[in-house]
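The structure follows.
Chain naming follows the written order as A, B, C, D, E, F, G and H, and within any one chain the residues start at number 1.
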């Protein structure tokens, strides 16, 4: 009997924007959600060969294992990359040193369900040599927790505020502190808050002046906005280079 | 020349639910927005003849003048009713005395643009003999204003919290105080907050436990919910009767 | 051969708001939907050690088994908690005694598909020592079933009305009875009623005065609103303490 | 000085579907909302010359006066048409006699704000020789008013139920009575019920079996659906002919 | 070792509305989507004991097998019910005889993906002794297929028209034929037509006069609307009784 | 008394994209809706001085009169431009000759309310020397009108199909004819069809293969898409030059 | 023991529109998403017997294997069809030769996640003998990649532009090039871009004149629109016939 | 005859947040849209007496005249404030000097219809001593206009990008330049772009990393975000004081 008919081969190609680093001061991040383990492994290999930091977002645990095992099977040192389960990212390892003299970006979140988005932002900053402090569980339903952290938050050059449900945290923060505040709506909730729409609307509609917003769950985008604000584009990223 | 053809007469009839008072402990309120001055005058006349408090909501200034002038032209004492421009209501005058021993309901609002909705709630309570305190301009973008009022708010039996924009005020209140909090989204804003949808979503999605919500701009509804909570249905409303 | 690269450890931390009880008279409830069995077990252990009632909502059957088995493996008495499949909650066991002198809250639902949300509300009340009566299958498409229960419902201090589809049940109830009525839209349905949006809109748009609403499926929130109304915050919750 | 440049003439043409009567048993109705008085007058003249009943919907009072005055100026007998302000329609006059032996269609409405839509349905039926009874102010917030009318409604061959706000009236009716019930959402309300969307969703999501729905405010459409159900297409419409 | 802690038992109760038959002339249908096999089996048993036709909608194949096997295990004759995979319904078997003298309802559908909804409507009619003809694949993108069926469709007392995508089929039908046309939007499609919303909007917005609409995928509802129109409520349903 | 304080002058500047003609083969059209008569007059003067055809869309009658009177006051020959009230456009006069050998684009519309959008498309084509035929009142609710025009439509190189309400006309056309069909949703309707959303969704969801769509009311955009298809960009537009 | 009750057989029928080829110059494509492997195999067999090209869209890998294995089991030569995993289509094999003299349609896409939709368009064109060039990864966030391809794109007779996220690619293209541009929104993204809605809105709202749009992910529809534009309907499709 | 009954007085009170300046480094701006001329005049008087810059946004021309005339009537020097019609703001006059050494913020807009929002941003910056350059008419449909301005834009410390329609301008900018880019959706458009929703979605969904967004038409908010980024809060605002 003849074998069953063979489907044709899938297309595995991925053109990396390696110029983004010189143009915008940012590494090319790979959005991993709709890519196969093979595609992600190929992208990490390409970035590694170009001497650039690798950052892949939205990778679930099982896919990350397949990526890392696959890279080892192709002869790479298994310690070249590391999977960070809280932020669901694969990053080059070790992450670049951040400047101990610089104040760290504050990443604030209302509840423990916002941890994933906050961690993605933290990792994306770390890939560019920027330190950050995570301040979790300071939701506005228990305001004392946030007010107790105000002095510490006042020292950060800017704040990234992640919140699901009604998304009021960035509004309260931007009313209390003068720094840039970047709101990140989080897709945690149910009913009207399912998918993060209520949080997004709330942040855009905010009565606090000068709050800016990124897409729902876009921790990476908030980090890149922070990078633009911190003016690190001119600093070069040599410290962040895993190939050196 | 013959006169132009005469259109037929409009239908002026309005069946009042005069039993609502005995069934639910509430007076029948007239929603004035889509009614003519003639229809409203007829309704006020009917309620007056039945010895009930008259309350007409959503009446603009010019229509109110037409209603009151019309009632006077039909032989009524012009001091029987009064127009309240902040809440856009016509009420029987004088409003019933409220019990000085009872703590007043607190009606809290984020900004001066919420005054109309807050006033409607206050007038609807007043028509049932319930006193209220208006606490305006305590928006969460300047949290110190709200925190400075907390002790005073703690003494109210319940809170009605009106807010437009992102609508975070009831969430913050319900996280700080244990009383019933009724959120009223207000249709003030622009862009995503136009029409009050962002405020409504934010109140429903609230991370503060036990916050309840009514329709956008529904100050009257919030007052009736307060009335149900205060259990005044059993008290009768004789003090509220402008006809006695 | 070297072992495959090890991803880093996930973050298991959960900061409990143990002050909520003194501030608002409510126990801290854990929203279980997006948490792992290990996170939930840790939270229950923490609440137990603090002498507080444990309440975890939105837990599917298999996850509940993992939580309870895990707690036993860590040396806890297996009868300390119980899983309630109808309401998908894990609660401390036994639930606190409710005062037999007090009338029970009535929890009314249109159909048997609303059972989950109604049960969540009932359990959340029970954790605070409040009794409740479930009155199911009184949907407005067969009005005789509801009318036959009116006398019984009239004796409850307040009503929680759960409904999916078009969500008309709370409107009909609030037109017939003078007590506070809290509407809970339920995400049961298909087409335009999928996700509970039609029921939510219907309750907010209700022509019955003084109906208040909580988020879709938010049985816990309705119970907390009831708790605020019943003024139990001042009573303390010692009777509800499973650790005593 | 030369006169200002003259814009070109507007296009006044309107092709009437005069075959609709033989094909579907319905007269061609003119949707007047976006048409000028001149266009409407031309359409009425055309229908009159073809010996068909004229029916123009969505005409405000001032435009109706302009239409009727204009027709008189063109030599028509001013009693050939009549404006009905409640339903905002111009109809041929007199309306055809309806058969006194036939039970009238019941048109039920929740509040006096639904009068316009209910009247449009009633007039559209009348133009086809079908009698109807208007039963207003039977909203579900005061159920006793509806229950008191049940015996009378049971005798109608079918029911048209108009409701704004949450739109629960058709659901309650269809649960109580076995006839066809056509729900017409009405665009009366504010907040979530503005524009009639909440009423529309509620009727489509209804838990009552066999309720059908037409577009918001579509009183004419409900009447045509009733006409299809009553099978009057075969009866001819000679009695309805104002030209005979 | 002690056994793992036992969760409490789920609530299996289902109150059937057995009066629906005498009140509305319809059997009580069970919406199977959110019910367990055990709950459905209990409901079918209850209806069988009451001598009523059983009809369960929205049952996937595997659940149906579990229901039927379970009923046999409880001692029932396995030929008492039958699963119909196209309409995803379990019905009493055999279905009642329909009157061969009566013209059958025409159920028309645009494509083969609408088969499920069309079959649900057909089965629901059959349970009440009403015959129907399925006319599939007459979508408006190939109009010749529909025009070729017009003479046959003209003989049906009413038409149920099921369509997904843009949902234009009922509009075209209602423009060509004078009978009642009930539009059923179908949740087949992608992009803007995903979930059936585009079809629903299209049917409600239809330019064809007198088209009525039911909820998306509501084949059962369309059948019940047909039943109301056919006036079968007065006829009794003895022929439909599987218990006799 | 001093005169009241003088507000500063508004900004009147308008940078024209005069290169659009050589780049894309299209004249720069001015969207007149949000511009003042003075701004529009300045733009027409600028285009005239550059020897280009002037086309201003979305101009109401009174504003057009102000524009034309203003241009005459500035010394221009009043016959240089003409206002077209059906399409609400001001165009250079006379419009360029179209090639009598070429078949005209067919612009098809369902009802007379679509005339404005159809005329805008026709005028935009005429400004580029393309003839068009308007075929109005061929809505799908009376299919015979459309079928009677098929042979004529078959000769057009492409079809622009304008429809409001449910927007089914382009779907039916694209199922019958093989040419390019460009659907233009029209914002005529009420309830779910208000604003043209139902028509837009219906055209995008169409079951007819190869139908393309432009924004609601975008007659100009449909004409430009037709221009791209007809490949007239290479033809030059000298015949269209009002300055020659 | 008797066997478990047998459910009835599913309905497997599929009426093919084999006239589409002569009427519109297009082969009948099978939308595979909601069909079983057995239904798809039957459709391919039917098209093959009628001598027409077979094209089935939206088939996942495992279902395609079942289809092809099933066709071989029914005696067909396994090389008659081929599965293309990038575009998720099964097509007749070999695909028809395209005319080497004709310029190929350019299919442009912003990122590698748009590959599936772009490939579906390419395959649908290939089934009709039209060649195409895929130009991937030219997203507007790195404009140099697109600008570097302009000369090559200028030679294509028309462009199909696929984009997810904000969907700006077709706008930029249509501002630079004079050919027809068909925008295809792609359902790749998260938050506000989930499901392709943001891309769809952006393409419809485009400031570039003459851009047309098809439904989200509708690569097949874009190809059919291209086919209409290229006027291939008159050319016959004999070269495309796998049966010859 | 007695005079008609006198309605009660409206509430004119406005509590200014004069601490905002020291807390956040921003002046308190008055949102003028829903306030009367009398309320605005009172607010400007209050700010003037407190020695703070006055800024009132969203004031139409006629209301501004009433405000300024009213202030003069109350004895104020008419040159203390000035109305800016492009940005629809009343500001203290003269505006504070900006530092000539500092690079100006670039405010970029796609079309002349975005002028109002861009001007509001420019004035709000000017009130805080920040200079800005307006770069209008650089929409992405004619990309050469934007590319020609790149060198100039590269020198700005940050960019505010205003766009209606599809809102692609900020995406293209953020892909080309490394500075912070704040996107402001503008409510100019029709159909799907009416109200600015398409532009808002497009900016949030942007494929360019690190773009942040504010509410539709929120030029003031974008300016305040710029102020936070520029760190001017520490600089004091003495130069901006109109009272000195």
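Odds and ends about this structure:
As a convention for this text, a contact is a pair of C-beta atoms (placed from the backbone, for glycine too) under 8 Å apart; a residue touches a chain by one contact, two chains touch by 3 or more.
Please read these numbers as outputs of a predicted model, since none were measured by experiment.
Under the contact definition, chain G and chain H share the contacting chains A, F.
Set against the Cα centre of chain H, the chain with the most distant centre is E. Residue-numbered contact pairs of G-H overlap by over half with those of A-B, the repeat interface among B-D, A-B or A-C.
Seen from the C-alpha centroid of chain A, the farthest chain centroid is that of D. Looking at B-D and E-F side by side, the one with more C-beta contacts is E-F. Rounded to a whole number, the gap between the C-alpha centres of chain D and chain F is 34 angstrom.
Rounded to whole angstrom, the centroid-to-centroid distance between chain A and chain E, based on C-alpha atoms, equals 49 Å.
For the pair chain A and chain D, the distance between mean C-alpha positions equals 58 Å. In chain A, the positions touching at least two other chains are 23, 142, 175-176, 191-193, 200, 204-206, 209, 215. Across the whole structure, chains are in contact as follows: A-B, A-C, A-G, A-H, B-C, B-D, B-H, C-D, C-E, D-E, D-F, E-F, E-G, F-G, F-H, G-H. Within the complex, the chain H residues that touch chain F are 61, 64-65, 68-69, 72, 78-79, 81-86, 112-113, 115, 119, 136-137, 142, 144-145, 188, 190-194. For chain A in complex with chain B, the residues that touch the partner chain are 110-111, 139-143, 165-168, 171-172, 174-176, 189, 191-193, 197-199, 201-209. The residues of chain A lying in touch with chain H in their complex are 23-26, 29, 175-182, 200, 204-206, 209-215, 220-221, 223-229, 233.
Residue ranges on chain D touching chain F, taken from their complex, read 2, 4-5, 7-11, 13-15, 17, 19-20, 23, 31, 33-35, 39, 58, 185, 187, 195-196, 200, 215-218.
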